[in-house]
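One chain, chain A, appears in both complexes that follow, with chain B as partner in the first and chain C in the second.
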Partner chain A sequence: MKLWFFLLGTAMVLGAPARAAGDAESSLREGLSEILAVTEGAKGGRPMADRLQPILEKRICFESMTRRAVGPGWRQFTTAQQEEATKLFTKLIIRSYSSKFTPGQRPEVNYLKGTSPAPGKIEIPITILYKGSRYSIVYRMENRGRWLVTDILAEGVSLVANYRAQFDGLYKKGGATAVLDSLRQSVART
Partner chain B sequence: MRDQKLELGVGAFMLLGLAALVYLTLKLGAGEFVGGDTYRVEARFANTGGLSQGATVMLAGVIVGRVEGMRLDEADYSAIVDLRIRSEVRLPSDTMASIKTSGLIGDKYIALAPGAEEEFLEPSARIIMTESAVELESLISKMAFGSVNEAEAGSPEESAATPDPAP
Partner chain C sequence: MKLLLPALACAALVFSAGCAGQAGKNAPGAASPTGKAVASGGADADWDEVAEVKVHDPIEPVNRGIFWFNHQLYTYVAKPFSTAYKFVFPQPVRHGIRNAYDNIRFPVRLVNHTLQGRLDRSAKETGKFLVNTTAGAGGIMKPSEKIPALADLPSADTGQTFAKWGVPHGPYVVLPVLGPSSCREVVGTAGDTALNPISWLTFVFGGAAWTTGVSAPSGTHSLPDRMDTYDLATKDAVDPYVSARTGYIQYRNAAAQR
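Showing the complex of A and B:
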């Protein structure tokens, strides 16, 4: 009997990473499917960003993404500044992500095998064929009760690293105020 | 007699030079030229793009470590790079490690960008957030040759009609 429990326990432990990869991929497939359904059916009416916002907020951990994008300066932000930065960065990412889609066009998505660099974290690469060009995207996901996207790499370039390089420079020059001003301007432009 | 002394002097000088060379090689290989105590962390990259052992690790443009070694993770064919970092440099757990090139055709190095987490990487820990080397050649070829299917690019109707492998 003990042997059965041992074998069952070992099988569960060994099977955990594969299950995690499956769960994360299902979550990603579900999210992308929802997004593509919206973009394909969107013709006129509400702006694309408004339509995609609820789906993206459900699938992306914007709080963690903002904190990591701001970098070391984040610890010096007040709670109010952190909340405002998260709100603005969320808006900026949703608007720039939404602007990439043309209503009525559906990209071809291929899912590749995901890898788990650490427990509770997974990277799922996909290739997208859209308007005749092929793009390689990697979704970095973390298990925070459910699988959420925490970073996106497009052609090897990380979204978080790209913004961190910019925000860190701004923070060193003008502190949290400079970062927030820049975010407000970027949101106003998009 | 005078010639013998000269030869002895040249020989001693050569030996000294060789000893210095061996010393430098050993120290550089161990990453000790980074200065004082160090600790090791590793970073996983999809592609190191020609990064070499002994390459510099920089943070804010300051050299804080060296690449100690590289190996292949046979499970997923990714590259695991061992970094030797100066012990006084504490790195938050969400530090980003990116492989960069100095100049257009210069040497590869690793740039570290610390994150906002309050936990720090322990010795032998792994940097999870990495950016592999961006291959300029492939980006240029994509820009130059861009479209993989010109027919689809110009025709939304055809594109919408094609079967969709996505869920």
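Showing the complex of A and C:
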């Protein structure tokens, strides 16, 4: 009986990462299916960003993305500044992500084996065949009650790291005000 | 050939001890070779909270000037031309041209896979070349995409080989017209040029005009894709220069790790 419990316990421990990977991948698949259903059917009418916004807000942890993109300086932001930065950054990322899709064209998505760099975190690589070109994308996800995307790496380029490099210089020059000003300008730019 | 002078200048810089290390080494908080962030300590620091990419950019004011010049060139010349080109040549035609030129560059990939010690990839690259050349009408089509073992074969170039050998990026540079690069990558591009069969036409026919003439369509057909990539890197950036710089270095680091 003891052996049985030991084996069961071992199986549960060993099986946990695989289950986590499965849950995260299911969540990602679900999210991408929703996105592709919208982009495929979208012709005319509302802008793509408006159509995708509710899906992306459900699947991406924008608060975490913004915090990490800003870096340690985030602690010096007031609560109101943090809220505004998150709101602006969310808008920017949704616009940027949405612009990658051409209405009516569906990419071929291939899911690869995910890896877990730490408990509750997972990286799921996918390849996309889109308009005759093959792209490599990695979704970094975290379990925060449910699996949420916290970073996207396109061909090895991390979205968070890219903005982090930009915000870093701005923060050093002018603090939270400079970061917010540049975000406002970027969002206002069409 | 056009890259020979900057390549030589950069070779001296990259291979000298002076500039090595600052961009490529794992300083605390720098991107690791796997592209994952390295925790730099602290109560709430974790693997992605410090995703910071260090780039050695000692001539930033000059680079920013060239970046500005390139931006004007892309905005007022390259993009309108690219739009017209896309209108005249539909996507399948453009992809066919791209595939054919990509197929011709087979020696670049073969030699670099071999120099990186990836003989399995050299073999697959040869298989891919044979499949695309024969079943793909000289490489215009890519039937290798339908063969799982060949579809995801990573590309290889001389810059990646230098990276595998431990050569650091050296100073970041923005080249007029060509855009972001680093000293290592400039030397790498010169190596790729030397391995590209189209460049051999210069030696066979005794004049650079042949190489220029044959490679011109390659540059033209890749322009729309390059403009799209430039837009992706800069359009929604808060600092387009830093975005292009960080994106480029991350992209090349990731390519070297594949």
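Keep in mind that, in the parts below, the second predicted complex is superposed on the first by the 189 of 190 C-alpha atoms of A that agree within 3 Å, B and C clash if a C-alpha of one lies under 4 Å from a C-alpha of the other, contacts with A are read in each partner's own complex, and residues count from 1 in each chain.
We take it that contacts are C-beta pairs under 8 Å (C-beta built on N, C-alpha and C of every residue); 3 or more make two chains touch, one makes a residue touch a chain.
Note that the structure is a prediction, hence the values are computed from the model and not measured.
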Three-chain arrangement built on chain A, chain B and chain C clash or fit: clash
Which superposed partner A:Leu36 touches (first chain B, second chain C, both, neither): first
Which of chain B and chain C A:Ser182 touches, first, second, both or neither: second
Partner chain(s) touched by A:Phe167 [first = chain B, second = chain C, both, neither]: second
Touched partner set for A:Ser99, first chain B, second chain C, both or neither: second
Which superposed partner A:Thr127 touches (first chain B, second chain C, both, neither): second
Chain B versus chain C as contact partner of A:Val157, first or second or both or neither: both
Which of chain B and chain C A:Pro107 touches, first, second, both or neither: first
Residue range of chain C overlapping chain B upon superposition on chain A, of 22-30, 58-66, 130-138 or 202-210: 22-30
Contact residues common to both interfaces of chain A (with chain B and with chain C): 67-68, 71-72, 117-118, 121, 129, 131-134, 140, 151, 153, 155-158, 160-161, 164-165, 168
In the complex, chain B residues that touch chain A: 44, 46-47, 75-76, 78, 92, 94, 96, 98, 113-116, 118, 126, 128-129, 131-135, 139, 142, 146-154, 156, 159-160, 162, 164-167
In the complex with chain A, residue positions of chain C that touch it: 31, 35-37, 42, 46-53, 55, 91-92, 95, 145, 151-152, 225, 232, 235-239, 242-243, 245-247, 250-251, 253-255, 257
Residue ranges of chain A touching chain C (in the complex, touch as defined): 67-68, 71-72, 92-93, 95-96, 99-100, 117-118, 121, 127, 129, 131-134, 140, 150-151, 153, 155-158, 160-170, 179, 182-183, 185-186
Residue ranges of chain A in contact with chain B within the complex: 29-30, 32-33, 36, 40, 67-68, 70-75, 102, 104-110, 113, 115, 117-118, 121, 129, 131-134, 138, 140, 151, 153, 155-158, 160-161, 164-165, 168
